[in-house]
Structure formats: C-alpha cells, structure tokens
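Next come the structures, one after another.
In the two assemblies presented below, subunit A is common to both, partnered first by subunit B and then by subunit C.
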Partner chain A sequence: MTVAPPSETLAPAAIAPPPRAARRGRIWLWLLSALVLVSLVRVLTGAHELTSSGTLRQALIAAIPIAMAGLGGLWSERTGIINIGLEGMMILGALGAGYFTYYYGIWIGLLGALLFGAIGGLIHALATVTFGVDHIVSGVAITIMATGVAAFLAEAYFSGLPGGGPTQSPTLDTPPTITVPGVSDWLLEVQSRHWFLVSDVASAMRALVWEMSVVTLLAVALVIGSGWLLWRTRFGLRLRSCGESPSAAETLGVNVYLYKFVAVTASGGFAGLGGAYLVLVASSGYQNGIVGGRGYIGLAANIFGNWRPGGLFMGSTLFGYTEGLHLRPGSGLSIHALLLLVAICLLVLAALQVRRAQMVPGAVSFVASVGFFAWFMLSDEIPADFTGMTPFVTTILVLALASQRLRVPATIGMSYRRGQAG
Partner chain B sequence: MRRTVKITVALAAASLIATSCAQGDEGPEATQASEDICETAEGDGPQIGLAYDVGGRGDQSFNDSAYEGLKQAVEELDATCTEAEAGPGENDATREERLRTLADEGFDPIIGVGFIYSVAAQNVAKEPDYRDVNFAVVDGFAEAPNVANLVFAAQEGSFLVGAAAALKTEVGHVGFVGGVDGPLIQSFEAGFVAGVEEVDPSIQIDIKYLTQNQDEAVKGFENPPGGRAAANGMYESGADIVYHAAGKSGLGVFQAVESAGDGHWAIGVDSDQYKTVGQSQKPYILTSMLKRVDVGVQEYIKAVVEGDAPSGFVTYDLSSDGVGYSTTGGFVDDIAEQLDEYKQQIIDGGIKVPDTP
Partner chain C sequence: MTAVRRLATVLAAPLLAFVVAGVVTSLILLMAGDSVSRFWDALFRMPDARNFVNIINNSVVLYLSGLAAAICFRMKLFNIGVEGQYRVAVFAAAVFAGQAWLPGYLNTAVAVLVAMLVGALWAGIAGLLRATRGVSEVISTIMLNSIAGTLVAYLLRQVGERRGETMTTTPLPRDSWVGGIPLIPGEASKVYGFAVLAVLAGVAYWLILNRTRFGFELRATGASQPAALASGVDVKRMVVMAMLLSGAVAGLVGMPLLFGTDHAYASTFQSGIGFTGIAVALLGRNHPIGIALGAIVFSFLIEQSNVLDIVAQVSPDVVVVTQGVIVMSVVIAYEVVRRYRNTAEQRGVARSMGGPSGKQETEGVVA
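Entry: the complex of A and B
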C-alpha cells in the first residue's frame, strides 16, 4: 500500500505537508498502536476470532472487490466524473469473468471482465464527457441497464450447460493460490496459543502466506500502481488537473476530453475486475445478483479514503473486516468485544481533543466512550440483528469523525465543454 | 460531432454483434433449456398461471421444482399454461397487477411461487371480479376463501437431515447456514437442531444467518460469497457437516466444503442438490432436505380441476411425502434404517418437531 503525499501543485498552501518520511513513520506508529489495542481487547475479552487468520483472510477476500470498485471511483472522480455506475460495471465484469473463464480459462477470463467493465465505462464516458449528461443520471442508467443485460446474456450463455442455468454459470476454475508450506502451519500453531501481540502478528502473517490468491496480489499491485501513476507521473498530474481545473489544463494544451475518456474507461475496467474477483475468488461461479451493492460501497470507500489509493484501500479493509467478522463463528462475542475497542478509541480521541483545547467535542467523545463502555459491561453478547449493521455503523462513525478533513476534486460532478476557458 | 456519431454507431454495431454471437454460439443449447411446456402445450383443459418472484426459473431448486409440478400437471390434464416473472424492486401493488392480468386472461388456477405473493393474492382474491378464481401461494400466509397456502413442514425434513448429520459427524460438531433470519428459515433451523439433539445432545451446532433484515432477500438467498465465508468459518473452527437453507447462497457452502476437502460434508436443501452441483462437488453432498414443491403444485392443480379446490393452509409433511431427504450418492445408506425409524416416529406423533428455535 502506498501512502501518496499530497500533490505539490494542488494542495492548499495553508497546510504545509509534513516531510514524507515523517508521515510514513506516523502511519506505522498508528498501525502499531492499533494492533496493540486490538490485541489487548482480544486478550481481555477472549474473543480470539477478532484476529484469527481465518477472519483476516476473509476480511481481505471481502475487501478486494470493494477496493477495486473504489479504485475505479478514484480514477473517474479524479477527472471530475462521478461514477455511480460502478455497480453496473462490476455486474458486467462479473458476467464477463463467468463467460470467458468457462470457455478460455482464468487469465482470459480476467481480461474479459476487464473488457466488459471497460465497455460500461466507455458508455459512461460517452454520455458524460461527450454529451454532457448528468453524471448521476448516466450512472444510474448504466447500472439498471447492466443488470438487465447481464441477466439476458447469462440466460443466453449459461442455459443448458452442465451445472449452469439461466441465472448462473457452471462452477469455474479457481485461480492459483500460494501457500508457503511449513511456515503457515507453524504460524497457526503460534496463533492458537493466544499470546498477547505475538499470536496476532502470527495470524496476520498467516493470512498472507496461506492460500493467498494470486488475483489478490494482482489487485494490491493495481492499487499501488495507480498511486504511482496518478501521483508520480506527468500523465497522472495531467489527469488530475482535468478534475481540479479543466479550463487551466486545456489552456496548457491538455486534451481534457481524452483524459476523461481514458480515466472513466479505466474506471470501468477496474470495477469489472472487482466483479471478476467476486466470481472467481470470493465464490466460484457467476450468479445473477452476485455484486449485491458492493459497487456503491466501493464508492463510499473512495470517499472515506479521501480520493487516495492508500486511504481507499484502508477503507475497503475496514468494510471487509466488519463484513467478514459478521460471518465468522461466534460473531456475537467478537462484535461485543468491538464495543470495548470503540470505547477505548473514543477515550483516546477525547484525550487528544482536550489536549487541543477542543472542549466540547472532547466532552462529547468522552460521554460516548463511557456509553460504549457501559454497554460493553452490561451485556454479554450483541443480538444478531445488530451484528449485520456493524459495517454501516462503523462507516458512519468514521465518516463523521473524518469528514472535516476530506477534500473533493474541485470540479467533481460538473460538465465541461471544450473551449469553456474562453 | 461527426466523430461522436461514428463512435455511437460503432458501439451499437459492436453490441449487436456481441448479442448475435451469443445467440449463434449457444443457439441449440439455449432452445433446449428454454424448451418450455407453456409454449408448446395446446390442450383444451384448464388454463394454469404460474407467477414467480425475482429470479424465477433456473435456480435448480425452489422455482424449478414448482415448474416441474406445473409441467406434470399440464401433461396429465391436457392443460395450457403461462409463466410470469417479477422484475427487481417490486412491491405488492405490482404483484397484484400481475395476478389480475393473469386472471383477466382467463387463467384459473393461478399460483404464486413464494411467500412474497401472500398479501397480493389475498387482496386480489377478495376483489369482486376475482372471487371465483382459485389462487394458491407456495409457502404463503394469505387469508381468503379462494386462496390456498401450500405450506411445507420443512422442520420435519430438516429433523431427518439433522439426525443424519449427527449420526455421520466424527467430531461432534455441525453447522447451519440460513439465508434470511425469519420465521420461514427458522423452521429449518429448529428442525435441524432438534434432529441433531435427538441423536446426541452434546454435539456442538454453529448457527449463522447471512442477514437479519427481512428486506434483504438478495443478501440472504443470492449471495454465494457470503455463504462460502460463513461455511468456511464453520469448517475452520472444526465442524465437519454444514446444512444450508439459503437458496443460491448455498452454492457458496458447496464451494467451501470442496475446499475443506475430504472428511467434510454439506447438506443441500429444497431439491436433490447432488444432481445439480458440479462433478467435483458431488462427493461432498451428504444428502438434501427435500421440499416437494412439485408435489404441492401438482396436487393443488388436480384438486382444482376435480372441483375440490382447497382453501386455507394445505400442509405437506412427512406423511404425505411433501418433505423428506434424498439418498442419491449413497452416502446415507448405512444409516437409512435409523432415519426411517425417526421418520416413522414423527409420522406417528411420537416425536414432535418444533418449528421455531
């Protein structure tokens, strides 16, 4: 995961970005303290599922499709085009993955998903860039259309195939996975001792060396690669300039339409890959409705991550983690333990706010912290009805706490006509 | 602008080609699958209307089973029929309109497949124009004199597969994956748990529902990644047999059992899923809880034709072979005797199976 520094030209001048090395160090410090905190909560509550390698692996599997959709959102929205059609492009990608994998194997299947998703992106680009259609209208239309097209093509492609049917593909091959033999068993051994911190680190490492799908690695590489391409190259600077000030970009000779077309088409391609991941790794066959709203969650992860690859990846893992935890055995206990975690986090936040002399927010955080702590102490388990809500509650909490710091690309959602600069 | 037009034309052409390829490639198979009793039937018997929920035919389970019943009835009675399918995001008003349209076209009886049609059928059946039309709702809860609710004692079939799981588990640990946490699926859970405990109360049972929200049918019943994650967790924590009542999400349970490998089993639901899963998954399907929607639909149609239309709740249970378990694959042959004994005890009333957990 890269943590890209704010771009030199576009960041508000008032907040001078700290040197990159210092930022890196601070982020590692945060991650380390988060790990210590989670481990502490695990040991105190005995909810060992919180950091078991099974949970972490499930979290990663649930996170990747969301991250891919979020990456699509990043590319598109960095050029100022809102892409609410990501959901539809994921659906198209899922279908493409199902069709091409069945006939031509996994790698062609991934390319097919990329292609189908990119077609969705191209249509969105055509509508929004060339014809100036409202971005939301076009995106919603694409999602509705993709649902219908996918259902129709699924019936045409998969009916009568062995194990398939009008709404689902036959079982497909699974992409190769990497397990480091020996090491993963040894790590499992350490994990099952439930030692403070050591076991958590072991299970996190085991989640990475045990049945790691190569497609997961590919997806992570795409996130890192996007960060590099968009923030470290001339192409990326021009692309982002189309979202911040297209008039200025055009005055300087950038072909704004072309960059928007490229970005939105790529956006569809990424979303398509997210759909393919659902079909090939998270499950092993196409199924109508398999995307189930993950495109929208990807969009939210992108906003959560402040339109940056590192941030959106962290947002996706957070969504993936709560979704995965909810489906693990004993989720009532582990989610109950999360209450304690939230209470401690709020307490830390309150302390920080008071130190910054923000008395009112500090007091609110403190009261909330006490409330969560009381809830934790007075109950033994969280009713199943609440566990399903966890991902969404977490999102609202985090967005509420972080929203003041978000910075949207300046011309997002606006239509740009060539020659507008005058 | 001219370039734009060119692009548009090119895209349109490309999509046409894609569609025609799709039809060209799959032509013979597609026709084979959509070989449709309602397109070919030309009898002068009764006209039967069947209305599906979203998804409709092709689930290799519930809806297909209803179609199977329809097909048999049509062939037997020389009838004609039509099928209607819901679109996404429908409400009771659109479902009512669908039932009215079918009735106006002269279809009688009209069968709604899925409890979702209950309210709509009840409202339409009470309207003056349709008081003479016979309606039925599979798994329904409608209340009107001319509506029959075809309900299945899923808890009794689940009891038997629960007993099978308890007899077959080697580690004393089994699991249940449900779709939506509501009364319908809870009856599966209750029966399964009762069956396991009847054999050995010390067996550990993991229970997991994919969603608690009644309105999230897609997340519950059409979510193979979720089913796979839930079942994975159970197998990893030591369970060796998992029963699912989660519609298409169950396909994820089968994927999980396949990757868990030898010594692990999954139990299917509604139809004999051994027959429909891929070749590589067959060795892991212990048995399936059968819910004979086809029997229910077929018998209901026959009763209507004979002028003896039922009303209220028509229950299909073990005694009428409306529920049961499958033996394809032969993995439960060694315990068939014990299972048949339990079956007899339930029929005789010796064992009362609860329908709520």
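Entry: the complex of A and C
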C-alpha cells in the first residue's frame, strides 16, 4: 500500500498568498510584456492600426459601456443576485439618456439614465429578494419588458421631433471632452514614426489626452470608487457578506434584504449609465437596438474579471479592443495580425504548461498555436463578421479555460429568506 | 385541500398576472398620452378568420420554442440559446433541402432531421462546457446566440444568392413544401401542416418526462441535484442529454416557417422566437398544455397588436411590454401561491398534530 506523501497534497495550501506588492508587481510585468508583444506583432506585420491612438481611443469608448454593465454585475452578484437583466437596464438607461438629454441637457440626461436603469434594478430586487423568483427568469422578463418599453416610449417621445423618428432620437449634444493641446500633437508625431515600443506608448498616452470625454473619466472613477467602497469600507464588507453567507450576516445584525436591494438597484443604475454612454459618447443619439447585447458582455467581463473591479475593467478593455479594432479602417488587416498575437500567446501558454508538467494541456495549446500560425500565414484578411464575433468567442474560451480558477460569490443564484439563520 | 381550492390556486396565479399586466400596460399608455379604452377595444376585437389562422400558426412556432426551453427548465438548466439554435438549424436545413438531393417529402424529412441534429449540436456545445468545464450555460448560450447570428449571416453570404436587398438560400423544390391544413372553410390562409408535428412533440415531451426513466432522472436532477446524485443519476450526462434534446426541439422551431411559408432561408427570416419561447415556457409552467395556452395567449397578443397603430394610433410595441409584465407577474404570482400553499399545508399539519408547537417546528421548511 502506498500513501501519497502528505507534503505534496498540502503544498498548494501551505504556500502563502503573495503579498499585495508582489502581486501588483506581477500585474505590471504582465502588462509590460503584453505591450512588448503587441508592439512586436505590429512591427512584424506592419498593421499599425493595432496600437494607433485612434484604435485605442475607440477601444476605450467601446470598453466603458461594457465596464459599466460589468460594474452593475459586480454589485449585484457580490450580494448573490445574478443579474442578466443588465441588458434591459442598459436599454432603459439609453432611453432615459435620450429623453432627458434632449429636454434638459447632458447632466440631467445622465441622471435620468441612472434613474431609469435603477428602476429596472429595483424591479429585479423586488422580484428576486422579496418574492424569491429565480434570478435568471426575472432577468429575462426585465429584458423583455425593457425592450418593449424603450421601443414604445421612443416612438411616443421622439416621433415628430426635428431629426427624430419612431425608432431614434434627434441628434443630441456630446458631453465635453478634454484635449491637452501641445502634448497630444507631439505624441501623434511620435506615434507616426512607427518606432518599436516607443510609438505604442506614445499612442496609448495620446488616446488618454486627446478628446477624452469627461464621462469616460467619470466611469473610470466609478470603477475605482466601487473597488474602494466594496473592499475598503464596512458597508462593502457587509454587502459582500450577503453574497457569501447571508445567514451569518444576518446573525451579526446585517439587514440582508436592505443590502441586496441597495446593491441590485445600484446595479441597475450603473447599467443605465452604460446605456447613456452608448447614446451620448459612443454615438450621438438614441436608437432602438443600440445596446446590442453589451449587457451580456458586461456580465461576461465581470466573470472574466473574477468578480473584481480591476479584473472586470481589464475584461472590458479586452472586449472593447476587439470592437474598437473592428470599427477602424482596414480592420481586416489588423485583425489578421491579431492571429499572430494569439499564436504567440498560445505558444507562451504551452511553454508555461509544459514547465508545470501539464503535458496534455500543453500539447493542446501548442497544436492550437501552430493552427493559428498556419491560419495567419495562409490568409491575408479575416472577414469582418468574424471580428464581430471575437468578444463572444473570447468569453466562451476564457470561461472554458479559466472557470476552475474563478472564485464565485458563494450563494450566487440562490434565494434567501429572512429568518433562515434561525 | 379540496379540488375546487386546488384549481383556484392553480388559476389564481395566471389570472392575477393578466390583471397586473393589464394595469401596467394601461399606465404606460397613459404616460405616453394614448387612448387606453381604444387600445383595449382594438386588442380584444373579434379576430376574423385570417387572424385566427395566423394566431394558430404563430402558436405552433412558439409552442415548439417553448417546449425546447421547457426541457431544460425542468432540470433547472437555463437554455437561453433557443434563439441561436433554431437559427443555425433552420439555415442548415434550408441549405440542405435547397440542394434537392432527395425527392419530395423524403427531402423534407431528412432536412428536418438535419435541423434537429444541428440544433442539438449547437446546444450541445453549451452542455459540454457545463458538464466538463463548469461554464454557466446561461452565459455560454447567450454568447452562442450572438455567434450564431454572425456565423449564419457570414455563411449566407458565402452560399446564398442575392434577391433585391436580401440574401437568400436556394429555394426549396416545390415537391418538398409542406401544404397547409384548410381548417376554416372558405378561408384562403391555411394552418401549417407542421402543426401536427408540434402536437406530436408535445405528446412526446409529456411521455418522455413522465413515463420514462430518463424523464424521471431529469426531473429528479431539477428538483434536487444532490439527491439525484446520491441515488445514482449521472448528473453530468443528464446535463448534456437535456441540452441535446432541447437543441433538437429548438431545431424544429423554424421548420413550419421554412416548409410552410418562406421556402428558403433569407436574412429577413423571423427572429426573436427563441426569447418569446422562454416567456411562453415560463407562463405555461413547463407543462405541455400550459405551454400551449401560453403560446396561444402570446400569439393572440402579437396578432391583435398588428393593427393597433391603424385602429388605436398606438404603437404595437406596447404589447411587448404586456408580454414582459405577464411573465414577470406570473412567476411572482406562482411564487406567492406556492408560499401560501406551503404555509396552509403546514398549518394543516400543525392542527392535526394538535399542538401549538407544530408551527414553530416547521418554520424552517417554509424557507
């Protein structure tokens, strides 16, 4: 009889988690190597759109609505309530932004979007917390209702307005933008030299100082603020405890229902702001179908980011990047260059897996890497349809590869009745 | 509980839901400044023979979609992907049948099988991901819906032909079309021949779930996964099987349209049936007859709404709100009724036990 050496089974638990500073250092290392890699691919393929400031700006604009929806998902799911009604709440927010901005200006418009989204969130909270309805069912119902309400009210509000119609609002004002005059021109100059690494950094910086919408800054502040609020304050600890162990929270005197209500309503508000961003910044008015599944992608970004604000923001920028690239001229070429990037990433992954003695996954990654490399060599362009698919395929792949490592809030999707703590 | 009371609790939820939906819809109409009374007059006017046939035809399609969703719901599995599954399936069937490799109805039959197979495979991706990698089927089916839409659009441009503004697959040979049933004498429009298939699917659904071991295991997994696991059910296998079956039925959704009216897959092929099917399944509580009633209610609303803007100057979109509110209030009402029944039952037990302590001891069960 053989007994496995105990040290082997205990090893993972025995290793202390890396201290915060070391973890942060590793993230920067990863970001830096990603930058080097992208820059390398850009220089090799000549697809300069990969990191042009135009692309990066588009990517940021595409990422923010997804991040806002993801933030909504974070707030709600941290209290254990799954919110696939985010899509519907974004739709409501988009409509609210269209209506209130037209009559009262941008700031009231944003508030209106927040309010409309929050109403959707409140309905979801009422259904799931008070009545214990299944979270998915309630989310589906809210999305159906929101689609109908938005289409109906859009026709009622916008028909007959100058430039408006039954399915779209008139052209709306754009929120103010910030450009740092001298610096942005100088950075453009550097970018257009197409130097290795230097130009990429320059265009990334230019994307941040050139026509930066104040709403984008607001959104980023909300992500950071949420991280602080949920992880650094008593309120946040209590809120998260409702998603991890509501009965324990209740025995400690936390009003679980109230926290869930607050979180899910806030979740709707964030989603509503995401809808507003689509209407005001990403385009110049409301139209039916403008949300186009971004609520769901936001939810996926939240899962991708392991229910953490930093992670979900990274997930959103990744999805936003593919969308931003898709919108730029010559996207077929630059997306084609991405194939090489994917091939290299898979190769690195294969090497890491082999080093960790994970032979089978390593072999799979290697074969996939060769496949992508062959695809890159044998083709010149990728049809536009496939680029549109990228966020969805990435989501599925990431979930399939990483779902074992994700740490889900413990009582997610479960209904909690007051008094369960006994 | 007496039979009358039981019937009352079964009917109470949907009736309550319809009342709430009516109130909410009226409120929204008021908000937009539309005439509420004219709206209700238009919605509940007597459908003429042609509307009647349309309602039945739409119900057939929605019924199949509802059944597909219900198979998974019985297992507490959320197949949100019927939308993508039927689109991929109907496209594959249209391409296959358009080639006319087989004569007459043989072509039709094999095309239907192709649709079921493709639908099952598309759903199977989500099933496999759930069973092997633990990926939530909700997220994966939603993603697969979007992928399906783009993939079909791309393939249609590769194999299809241009007709004016739209792309379309090669039309089906005339001898593979499925004729309609002249249900109402003297009326030109006919009920889909595939209505028979829908009825058969409903019967099969009931038989499989209630009269086979597979169905029992499926329901057992839905009721309590640990209990099912403990009694020897291979839950992972059940997840994949349920998804495959659900996808196969989803593959049937587009068939009445393809063989009955469209005769080809074009970029204008009716969309959104999958999402409405989810609502229909929820409304019908996953019961074969309940789903049928739900499908009829929804198609009635859709058909009657078509003339709303002409008759009542109201946008037909408002009916989508009505549908959403019906679904939301019906699930809430079911939950309320369930809780009421539970407490009533416990009170009954407590009374028969004869002690005031009975209620306290069962309190935990309510939750």
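Here is the rule we use: the second predicted complex is superposed on the first by the 403 of 422 C-alpha atoms of A that agree within 3 Å, B and C clash if a C-alpha of one lies under 4 Å from a C-alpha of the other, contacts with A are read in each partner's own complex, and residues count from 1 in each chain.
FYI, a residue touches a chain if its C-beta (ideal position, glycine included) is under 8 Å from a C-beta of that chain, and two chains touch if they have at least 3 such contacts.
A quick note: this is a predicted structure, and the numbers were derived from the prediction, not measured.
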For this session: Applying the touch criterion given at the start, work out whether A:R328 contacts subunit B, subunit C, both or neither, answering first, second, both or neither.
Result: first
Exercise. Is A:A282 contacted by the first partner subunit B, the second partner subunit C, both or neither?
Worked result: first
Exercise. Between subunit B (first) and subunit C (second), which, if any, makes contact with A:I303: first, second, both or neither?
Worked result: second
Problem set entry | Partner chain in contact with A:E155 - subunit B first, subunit C second, else both or neither | both
Exercise. In the superposed arrangement, which partner chain does A:G253 touch: subunit B (first), subunit C (second), both, or neither?
Worked result: neither
For this session: Examine A:Q58 and indicate which partner it touches, taking first as subunit B and second as subunit C; both and neither are also allowed.
Result: first
For this session: Check whether A:V140 is in contact with subunit B, with subunit C, with both or with neither, and answer first, second, both or neither.
Result: second
For this session: Could you look at A:G419 and tell me whether it touches subunit B, subunit C, both or neither (first, second, both, neither)?
Result: second
For this session: Quick one: classify A:A127 as touching subunit B (first), subunit C (second), both or neither.
Result: second
Seminar exercise, completed: Dual-contact residues of subunit A (subunit B, subunit C) 123, 131, 147, 153, 155-157, 166, 385, 388
Exercise. Within the complex, which stretch of subunit A touches subunit C?
Worked result: 82, 84, 123, 127, 131-134, 136-138, 140-149, 151-153, 155-157, 166, 293, 296, 299-300, 303, 383, 385-386, 388-389, 392-393, 395-396, 399-401, 403-404, 417, 419-420, 422
Seminar exercise, completed: Within the complex, subunit A is touched by subunit B residues 4, 7-8, 11, 19, 22-23, 26, 29-30, 32-34, 55-60, 88, 175, 181, 206, 208-213, 218-219, 222-226, 228-230, 232-234, 236-237, 248, 251-252, 255, 276-281
Problem set entry | Residues of subunit C touching subunit A in the complex | 28, 31-34, 78, 80, 129, 133-136, 138-140, 142-144, 146-147, 150-151, 153-154, 275, 278-279, 282, 315, 317-325, 327-328, 331-332, 335-336, 339, 363-364, 366-367
Exercise. Which of the residues in subunit A come into contact with subunit B in the complex?
Worked result: 54, 58, 61-62, 122-123, 126, 130-131, 147, 153, 155-157, 159-163, 165-168, 170-171, 278, 282-285, 287-290, 292, 324, 327-331, 384-385, 387-388
